[in-house]
């Protein structure tokens, strides 16, 4: 049995449920999904500020449950990914990372459709860092706030934004740029006749694959456990020893 | 049941067996691996010339069995990958591609240990094309010919080359640059205390993941089925209609 | 006397004639052009599948006539270029490569006008590999199939596509992205008042230049002759020894 | 009078003093330096984990004093830089960023000498993100922990590491890769006869320059103030409204 | 007292005055600005030809006054920058360089608005060389010749071009791509509500910063004083010894 | 008859003779080589300062003889190349450019062996600008001054440096990084058993090729004739009208 911790970095329980549902829908029969809402964090993640706070919330959940077989960080900004790799023995996969890896197995270029325009530079940074700058054909904002994604009119807007993005970019694959869109992938794929990749499912399958191969994060250098040291003030509970 | 065709692009049946064994060892319980030796092709792949011939051999095997759920091209040069994506409805994964995607989920940089030095530029080309040029810390040749990899002294040489490569490159992950090394991954990982990625296993898990997510190659542009047309001369059997 | 083998990688004799005519028109007085239609191959090259088949057809023509002074591969996808460099003692020039090198001697950026949109990613890959990614301002498809290029209305469409491409890209030079357009260069240049580079002529002059300098492919590593080995099945005639 | 808040992202008061001393030494006569130790954070920053915690500590200090003319984040990992730009009206400069900008005004390439080897990939990421990947000739670790930098033997080791780095990289400029080295710049420059850039001084001068020009962070897109929203749990004090 | 030589590389005295005014307006109280019109050079700089001539004019002004604390080359093409670094003991800053460094401290991407379209490739070359290719969102020509920038209708045209550039590029910061626009920065910033960076001011502050830190050009390799040697003909006065 | 002006940008007549000899040795029977020593310029080119002076000397020679069929700038720094393209109707080829284009037709990577180490960054800049950054495996200085290249012991040193460069870089092709080495190519090629490319010959053949194809510099944008304007002072003879 593979225990896979899927951490929603924001504190919106409804989104954790969406994420958990999607993760369970795609997981193999021997995978147990634990969908986790962090004890602390922002209600949604729409800025670098939110991202910084969320990273810290994610790390607490890894320290609190250090023996999962693998971890998924279920926000498209991959908050705390590098630090999580230091903390966890098992592999850690971010959903932006997962979606981009998966998309590039299906086509030469992909378009990302996301929530607010202000997050696009962060998406481009991640693509650059992961090696997918050339594959990323465009980032397209719907202007819908994360917590409004479940409103019925949002669905239509997202569909239209996806169609327009594919048209404009001439890309092969569509990537959904927010964990809150996880339950839209199948409907969109049908309507758009391109592969639609959403990161939660992609990350679950990549994590299962790594566990199946017995692979864990390389710990020789950058991702060795962090040197233990005191942390003071509000964050004192984060002290490691 | 997922039917996964793992095509060894060379015609060495012993290597097809090694590949098939590894593929079955890592495959999930609902995956049926078909390990295929092509009807035509070079005995091993150690040059661009071999690669060009092998590509054609691989394509025949896809046309001959067009209804598999997914395909793996099990040579580290990924011969025929783009053309295979045109032909096949289901996803196609090359083992160089798979190994590089997998390695970059486990560490920032990886070193490739391979057979002959003359293949290194092709590996670098693939890394560049797939987006992993920055992650590829080095390509290291053992000087062992593909069909000599199973000789007992070769094992020792490969181990030493891997240790030296990690040392020199300061990399996080080791990638085995030949399908003929597929059965060495576990032993090497133990001895080297870094993650060791070999492409056959990596490709099987990625292919299973794509099938599990219901994802197929994007067919809007580059990877649409090839326009049917006559082929004359020796290759006449390759005519499509 | 320089013997220059100009290989049309497809089997359309009419196109070989167009190519040969253009090659002879630009060749120096001491160059003898041999325009070659391969014994086997696809009728035209419009997909990765066609490209893979064509590569094999090209290689047979090099093995069959190993003592030419230089070789030109006259399809804009440069099929089999790296393998041809292994086989041939003399230099080998692809027409995409030649056109891009030539264009960048005449201006900072160039636009490519080609046949089908599906080939554009391959052109971008070549530009990336040869170093001209920054110089390539755009790839523009006319939607005309290769074998329809000689239809009279095609000429008009190509002219319009070229004018639109220059306009949109603001580029300095136009590159014709198909050997079948070889006879259009002069007319287009006159009408468009930019340099128009077509690859057959460009490759002939580059090949003559290399021969004139006594330069041949570097054979120390990647391009050493391919290791001889048996090839089985349909491709058995490709065995080297 | 320009009020410049120089935030030491770790909680080592001795390091805040070193930083403050250096900042005051280089600041103009009309600049008032406020050297700040955050209320919460790790004792030193030597991992992605420390970096994530420190970012949050830095952000609190900006929210607590939102009316400074400019801010410096005085850790070579630039923790929280993007989020700080969202929060602050005035410009924010990180010391890695500042050192790299400054070094590239003085020479074509620079070498970074830092503390622990595990931080080198983060430095490379920053160089890549800021545009200085080509200028960064090498990152060299001394193996000295941040809080041991003030031990007398450390000085010798750092000097030797700097000399070796310049030798190996053939670079024009040396960059000190830790705020704790801020007081070493002048001594090293004298001994090494190359420009030695340390980030605290560099950032103070860049920040003064921006203030002098009346320039502030662009707020149209990415760096607009973060959308206010509740933060729950331990981080609840970070709620904005 | 810091003596800062601000060299206008063209010979239009009115432009030297504009440049000098701007330099003095932003300079610190202890900086003395010497605004210099070269003894020889073109009336304005709008081509590579002008740039080559201007470079030589700039170099004479450095040789003529070798003891300034720092130098600014006040033309957006940075003519003669590398050679000036060889000649001068003190630091040398070009205004294109300065503007790009400054812009990237204020936002992720910037747009350049300039005079004639023909200079855009040179701006892109500089951005590539300095590391800001990814940050440069676009170069936009107004079509106004350098010496017409002070005509009243030009102001309106420039404002409109800036607004259109920001709109099209979605960038965070505006950069004025000609020293002749130095006096427009404040008005434009007010009207456009983005940071507007003009290079003269930016260069003055960077130069003051370098002097304040005691930093000079690295002289170990590329920027060592040029080997003395005879120069013959018209340029004989340029002989060094 | 093709009239090809080969301009030696320095004023050393002995070097002009070496260059002219090489140019004539490789030129076709219908090419007339005019080897030109500029009326003004530095005795040799070993710095950015020399390069700036030489550029101006080169441009005078183009203005003085505007009706050649093509021009070669015979210094490995390609001084004045972009400006020369503006001035000349016919194509202009620099020898660094020519050597790099030619080398990449013969192998994947090349090593440059040059005179003084201080020029290496300029060579890297050119490679970056022309698209050959990835192909450039290394730049290796012999430490021999340009005007000492003809001393007998220099030959041995150069040979040894070339052998060491090939060894260290593992490259396919050797490029001689100074016009003064033009007469060494054949001897070195024999001794080193790799293709040895020297730029004078390479540029002559590229220029002949362009002329043979009827191709000239694109003049729509960047390379249109420079706007005429007064030049004052020493450079007054450079005024265009």
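Per-chain residue numbering starts at 1, and chain names A, B, C, D, E and F are given in the order in which the chains are listed.
Throughout what follows, a residue touches a chain if its C-beta (ideal position, glycine included) is under 8 Å from a C-beta of that chain, and two chains touch if they have at least 3 such contacts.
Because the structure is a prediction, the values reported are computed rather than measured.
Between A-B and the choices B-C, E-F or C-F, the pair with more than half the same contact pairs by residue number is C-F.
Seen from the C-alpha centroid of chain F, the farthest chain centroid is that of A.
In the contact between chain D and chain E, the residue numbers used by both copies make up over half of all numbers at that interface. Computed centre separation for the pair chain C/chain D is 52 angstrom, with centres defined by C-alpha atoms.
Our note on geometry: chain D versus chain F, Cα centroid distance of 44 Å, whole angstroms.
Each chain gets one centre point, the mean of its Cα atoms, and the points for chain A and chain D are 29 Å apart. Shared contact sites, meaning residues of chain D that touch two or more other chains, fall at 108, 117, 121, 128, 134, 170, 221-222. On the side of chain C, the complex with chain F involves touching residues 26, 28-30, 91, 93, 97, 101-102, 104-108, 130-135, 166, 170, 172-173, 186, 189, 193-195, 197, 201-202, 205-206, 208-210, 212-218, 220-223.
Residues 11, 38-44, 46-53, 55-57, 59-60, 80, 82-83, 85-87, 116-122, 125, 128-129, 145, 221-222, 224, 226-227, 229-238, 240 of chain F are the ones touching chain E in the complex.
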